[in-house]
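Here come two complexes built around chain A, the first alongside chain B, the second alongside chain C.
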Partner chain A sequence: MIGRARLPRGEGVWPWLAAGSLALSLLMLAGLLFLLAVRGMGHFWPSPLTLVTLEDGRLLAGQAVREERQPNAAGRERLYLTGNRDLDGAIWRWVAVDEIAEESRPRDLVVLERTRWGSFQGRLLALEERGERVEGEAAWAALQARLQELAALRAERDRLRDEIVVPLVRRMEREPLAEAELARASARIRELQARIAGGRLLLESVDGRRLEQPLEQVLRAWRPNAMSPPAKVAAWGGGVWRFLAEGPRAANSAGGVWPAIFGTVLMVLLMSVVVTPFGVLAAIYLNEIAHQGRLTHLVRIAVRNLAGVPSIVYGVFGLGVFVYGIGGSLDEWFFADQLPSPTFGTGGLLWASLTLALLTLPVVIVATEEGLARVPDHQREGALALGATRVEMLTRVVLPMTAPAMLTGVILAVARAAGEVAPLMLVGVAKLAPQVPVDGDFPFLHLERKFMHLGYHIYDVAFHGSDVQAALPLVYATALLLVLVILVLNLTAIFLRHHLRARHGALPRR
Partner chain B sequence: MIDPLPPRDLPRHQWRRLRDRLATLLITAGGIGVVVTVMAIGVFLALEVAPLFLEAGRSLGWRELWQPRWQPGTLPGESPLFGLQPLAWGTLKAAFWALLFAVPLALGAAVHSALFMPPRLRSRLKPTLELMEAMPGVVVGFVAGLVLAPWLDRHLAGALALLICLPVGLLLAGLAWRRLPAAWRHRLPHGWAGLWLMPWLALLVVSALWLSPWLEALLFGGDLRGWLEAHAGLGYASRNALIVGLAMGFAVIPGIYALAEDALSGVPANLGEGAQALGATRWQSLWKVVLPAAAPGVLSAVMIGAGRAVGETMIVLMASGNTGLMTLSPLEGMRSMAASIAIELPEAVPGGIHYRLLFLVALVLFVFTFLVNTLAELVHARLRSRYRRLGGRS
Partner chain C sequence: MSVFSPRSADGGPIIDFDPVSCCLEIEGLSLAYGETPALRELTLRVPRHRVTAFIGPSGCGKSTLLRALNRLHDLNDEVHLSGRIRLEGQDIHAPEMEVAELRRRVGMVFQAPNPFPMSIYDNVAFGLRLQGGIRKRQLDDVVEWALRSSALWDEVKDRLKSSAWALSGGQQQRLVIARTLAVRPEVLLLDEPASALDPISTLKIEELIRNLKSQLTLVLVTHNMQQAARVSDYTAFLQEGELVEYGTTDTLFTNPRLARTENYITGRMA
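Now for the complex of A and B:
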């Protein structure tokens, strides 16, 4: 900004340290994004399975995860993800690199994803079903066909249970006639269950231990070393899709995050429905109607400063006022028959969105006010001179010109709310919500239920899981998803603001 | 505001006037309602805390609150201790290390972009750093607690090597740049140094980590942690203040940067230009003229950063270990006020002494950040009027 580019002769070392600190900040940001992107996306890639022969003749099959210097020796050691928790009791194995005699990638190694015991890595010997036994290469083909069949059966069973049985059970109290229908559905489910059960796999780990695996616990099977690149890409896409569309399994350490995505979006939507009208109203009042005196000035400063109050304080306020205060009273008035188990007197979707609405109110007010200040006074004066009342002037002239600013404010509020976790821990987030807050039951949207949240999911899986190492890839993927959502929202807001500046120029008033 | 002209007295106009009145009333009521609700937060917290001191029989004295132990545990046979001292200490310690890391970096970045950077690049850079600010605390906390902490556990010497290598490497880059032929210098202008230094820094990081085992063997007998324990008496906890400082520093850098950069680039240009016309270098004019003029703005930027660091919950919760220690050591953990609320409040009995104490903690946080932010705002307002007086752009 000062003059033209000159030679910074004799300026010493400081300018370089200043430039370096900027470069370092950018590098840290890039590093964080890169880490999340690589580890988050890499999790779904079917990585090759290495068969490692150690010097002493032992064998193991696993995916190399990382390499470290050995703590008290000169060499390096490598961490393998070996799976087979039921055989080994652990899924990780450290191996000193010097002890490795041979590494190979046999094409016949399979990986099974199971509902219990995590993954299996080893060889497939045979598939047994209804007395028939298939061995060798044919077993692999038969397994693939059977797994597809099983997936279809499972999908139908789950659909039946979620869409017919569960609502029926809830209606049972009022309509005893539903019993026949329920019995029919249950019979159908039992029949499906019988068709799912029964099959068996005969498996062998690479070091020769055998295992009989009930087929109904196997979700997927693949041979990473035999897959072609397009097949790997397809598997990767499938993995990403399952992550986005499925619910969590195995105490949140596997499976997808769909309920968390749903909960986050729903909560943020409810929040923006609350925060937009009130924020805009307050901004209009402060900027257009209130007397522009000292008091308004102070209120404006206070509102701006509320944006800097820690989010946890809003959580405390929400817990005290909404949950225990209003929620407790609502329970006493309307849900007294269900006490002492609380309905609204505990954390829930409604209280969480109200708390976050309060938290983001200053963001919306400040952004809208900025937009209102950008509207030149002569526009207002022109409207009034043509005979418009003040409200007509506001709704027909001023507010349409402010719309992009309001939108920017709401988007920034949404971006802030989507990333906030601390207040939610007090007012209604759950690590595993058995029921999604929206279903086919009246009143369809259940404001009192707890919900899952992407940010809290990260915290919970990363810090309260049983095996953090195993769940880590999933946490990376969830974190990447959350960051992507927030980045997109922020970029939209930045773009809108840029567009706004280009149209209206710099601040004309104040 | 501009008052509307009184409309003519026709039925339709009366209706319009009535509608105008009603709508104005509605907006006023809504606006005042919202403002009052928002302001009520502090009042409500104070009301919840009040019984703690006023109620007869179980009121607490200041001595009890200022014990060096915080043990709200409900283990049988153990009386709870509610000393707020460790929490206050942990909060300030976390904020201190975060600011120690963030302030130099943020101010350096602000100085560079306000003084040396071409305006077009600067207008691209600001949104980028805004994205950095929008990074959710839970993600930063996760990376700090589960990636950075285990890494630092094994590579403490590497981190130390980085601390030495980065500044030295930067200065080397500066020296080398001066010796470059003019054509090259033109292609790598100083104003873009913030970008083209990035690969160089990455290279420095890699080489420092590669060199660190040798450094450790040479200087500390191959075991830095053992050396620290023996010579400086510093224990090592795997989740410690250093990690919290790094992670929270990362989170507060963009905020401090944005405000400080605004203050620096808002200084009327004729001041700096005058100094340079009299023969000062750009750095001299910055140090002697621009920085003193912008000092209040820079100060308010740092204050707002401090407010953010004191209130940040998730990063401290996930990266600090949450042990209520009272040490100054950067290699040990702490328990902050915000993290305590997040952990303990869901389990506290409503209306109980523990519950009310946590409300007191929240009130303290609220009052502190509110005061700091207001002070920063006032300082900033002073700055703006000073710029106007100096006759530059405001």
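Now for the complex of A and C:
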């Protein structure tokens, strides 16, 4: 009987109400993730390129994005992504559905991803390099081979620049000998650059306008209508990988988000490293050492309320105290030779982590206190009765038993900190900081550097780009990524907590 | 002779031991939680290498008395204590007496089994590791000896590294006794050690208590009359913080001096 009827009968409507609200919440959550996944991840799929012939004979090639009923137009209008900003001055085109005479998907249409002007969509006529000219179908094959070669050359050039030239330039002031090494590296880069430059593509849009495209600006080329499903999946995987592994291009409107992922994770880890010991010590004092009187009670209430202070307030505090106060003093004492350009006296990774540590401190204190309160007194007395001092009792018996609760606190802190954007804007996040704060240059971890953050990246791409329509898929993809990063961070902590609990069984609940 | 001669609350005589054969001397001990008195002017002596039981109704102060013997009340600011307790002639509240050292000499086993969240081996080694300066081989030997002394060795010798929380309640309680024995205490305080256990486990604990008295002095607090009668040599009956009667277990249970002792023992009064 009980097993059959999950929702008890004869208790009126309230069990249904409760179940209904739960279902609604879950549905909204699933909807959110579904929206982010479809809109974000769909962006990397090589969607087919349609050749549209209009009633008046005009031609255009584009990817259909969506259809809308325009309020003052009679019929429906369809939006095409047509690319070719250098030819058309725009990359979007609205077309009335009634005016479309014919649609087809010719297999020879190419899409080029370029470093300037965005994408090109049209036909490839010829490839010219060092006086040789290849035409027709052979040009496509030659282009593919040449693009692979270019990618390898670019990778080597970037590696040289990031790993040799940039550190050398930083050391120049101290080491005069670096100059010769620098000159050698620069010569090599110039040589690579010369091998990258030179080629030209002759392109034609579907309506017959011709274009000469320097080959060095072309990153990738594909023919979406000629691709097999496995090739499309591979291209999609490559797109997702580049989004994760590369730095942003074109004022954040293209390219990847690797520096932002790295910045977010590093900042959250630094924050956890700072907040955990402080929070745990504070909770130990409140629960184990302080006299449990009215004052302790007041402090406890105050700490709980601190968790509700708006995050921007912490940002202002961080700016005033950490950046200008402590950072300014540090600059005067240790980096006076670099003034007036600030080292620590400006927003940076360290100050952002400290500000967020302050923000999440109450969460860790409250969770740890609850864990401490759940350790039965007879465990404490058992340790004392064996001749343990209070410190030994705490470190050997009570704290190991509280570890899962502490980790719960850290999980909540991470979830809150990774999603905060407002305070970061005041204390150290940057729109563009392609150099991640960890490199091979002493002291390896550069706490004073500005960093990129996924949350701020979303805001920046969505509101500060030149073309919101084009940026939207990236916004969805970055948002999905932020959710995933928080999920991974939390799962790590949850796994750790489970491991700790599994070692000795769960703490008995009182 | 001190001004506190052992006597019951009504002034009647109680059993006494000469200073040579007594282990703990309690003189004029009074204790209050804030304004509420819990013990009033207790004076009694506990003999060495014997089992002494404290019995009495709930709230009579027997657990409070037990916890005073290893200064577990120190942590509670509310507790006010006066009088004197001597362990082997040494005042346990004297400045030169270190509380950690005292608690090593006076071990305690609590009502609910409280093994620490670590392996069986680590539980037994806990007290010794606190003292430090002990080699692994020595530690292994002591752990085995302690587990054998508490009749647990055969049951756990193959899983010393597994969690102590996986043991049954009775095994946990014997583990706690082993843990206490490992630091070689002179006195073992037992606060209702079998009240949370099943009858078979209870019998094992009682047998253990009888066997241990050749090694150390045991003080047992219990609610269970039969248990006190079965395992103890001497029994003290407390009521409302006062010592009512104290004598050999045989005398107290068969021929009590006072009517209220008899009423309690025979169950005519809760």
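As a working rule, the second predicted complex is superposed on the first by the 458 of 510 C-alpha atoms of A that agree within 3 Å, B and C clash if a C-alpha of one lies under 4 Å from a C-alpha of the other, contacts with A are read in each partner's own complex, and residues count from 1 in each chain.
One rule holds in what follows: contacts are C-beta pairs under 8 Å (C-beta built on N, C-alpha and C of every residue); 3 or more make two chains touch, one makes a residue touch a chain.
Computed from a predicted model, the values in this text were never measured in an experiment.
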item	value
Touched partner set for A:376, first chain B, second chain C, both or neither	second
Contacts of A:422 with chain B and chain C, given as first, second, both or neither	first
Partner chain(s) touched by A:13 [first = chain B, second = chain C, both, neither]	first
Partner chain(s) touched by A:401 [first = chain B, second = chain C, both, neither]	second
First, second, both or neither for A:65, with chain B first and chain C second	neither
First, second, both or neither for A:458, with chain B first and chain C second	first
Touching partner for A:284 - first (chain B), second (chain C), both, neither	first
If touched residues of chain A are counted for chain B and for chain C, the larger one	B
Chain B/chain C common contact set on chain A	291, 381, 384-385, 387-389, 392
Contact set on chain B toward chain A in their complex	1-5, 7, 16-17, 19-20, 23-24, 27-28, 30-32, 34-35, 37-39, 41, 44-45, 48, 104-109, 111-116, 119, 127-132, 134-143, 145-147, 154, 166-167, 170-171, 173-174, 189-191, 193-195, 197-198, 200-202, 205, 213, 250, 253, 257, 265, 269, 272-273, 276, 281-285, 304, 307-308, 310-314, 317-318, 338, 341-342, 345-346, 350, 358-359, 362, 365-366, 369-370, 372-374, 377
Touching residues (chain side chain C, partner chain A) in the complex	70, 72, 75, 77, 100-101, 103-104, 107-108, 110-112, 114, 116-118, 126-127, 130-131, 163-166, 176, 179-180, 183
Contact set on chain A toward chain B in their complex	1-3, 5-6, 8-30, 32, 35-36, 68-69, 71, 278-279, 281-286, 288-292, 299, 301-306, 308-317, 319-321, 324, 358, 361-362, 365, 377, 380-381, 384-385, 387-393, 415-416, 418-422, 425-426, 455-456, 458-459, 462-463, 468, 472, 475, 479, 482-483, 486-487, 490-491, 494
Chain A to chain C touching residues, read off their complex	291, 376, 378-379, 381-389, 392, 396-397, 400-401, 503-505, 507
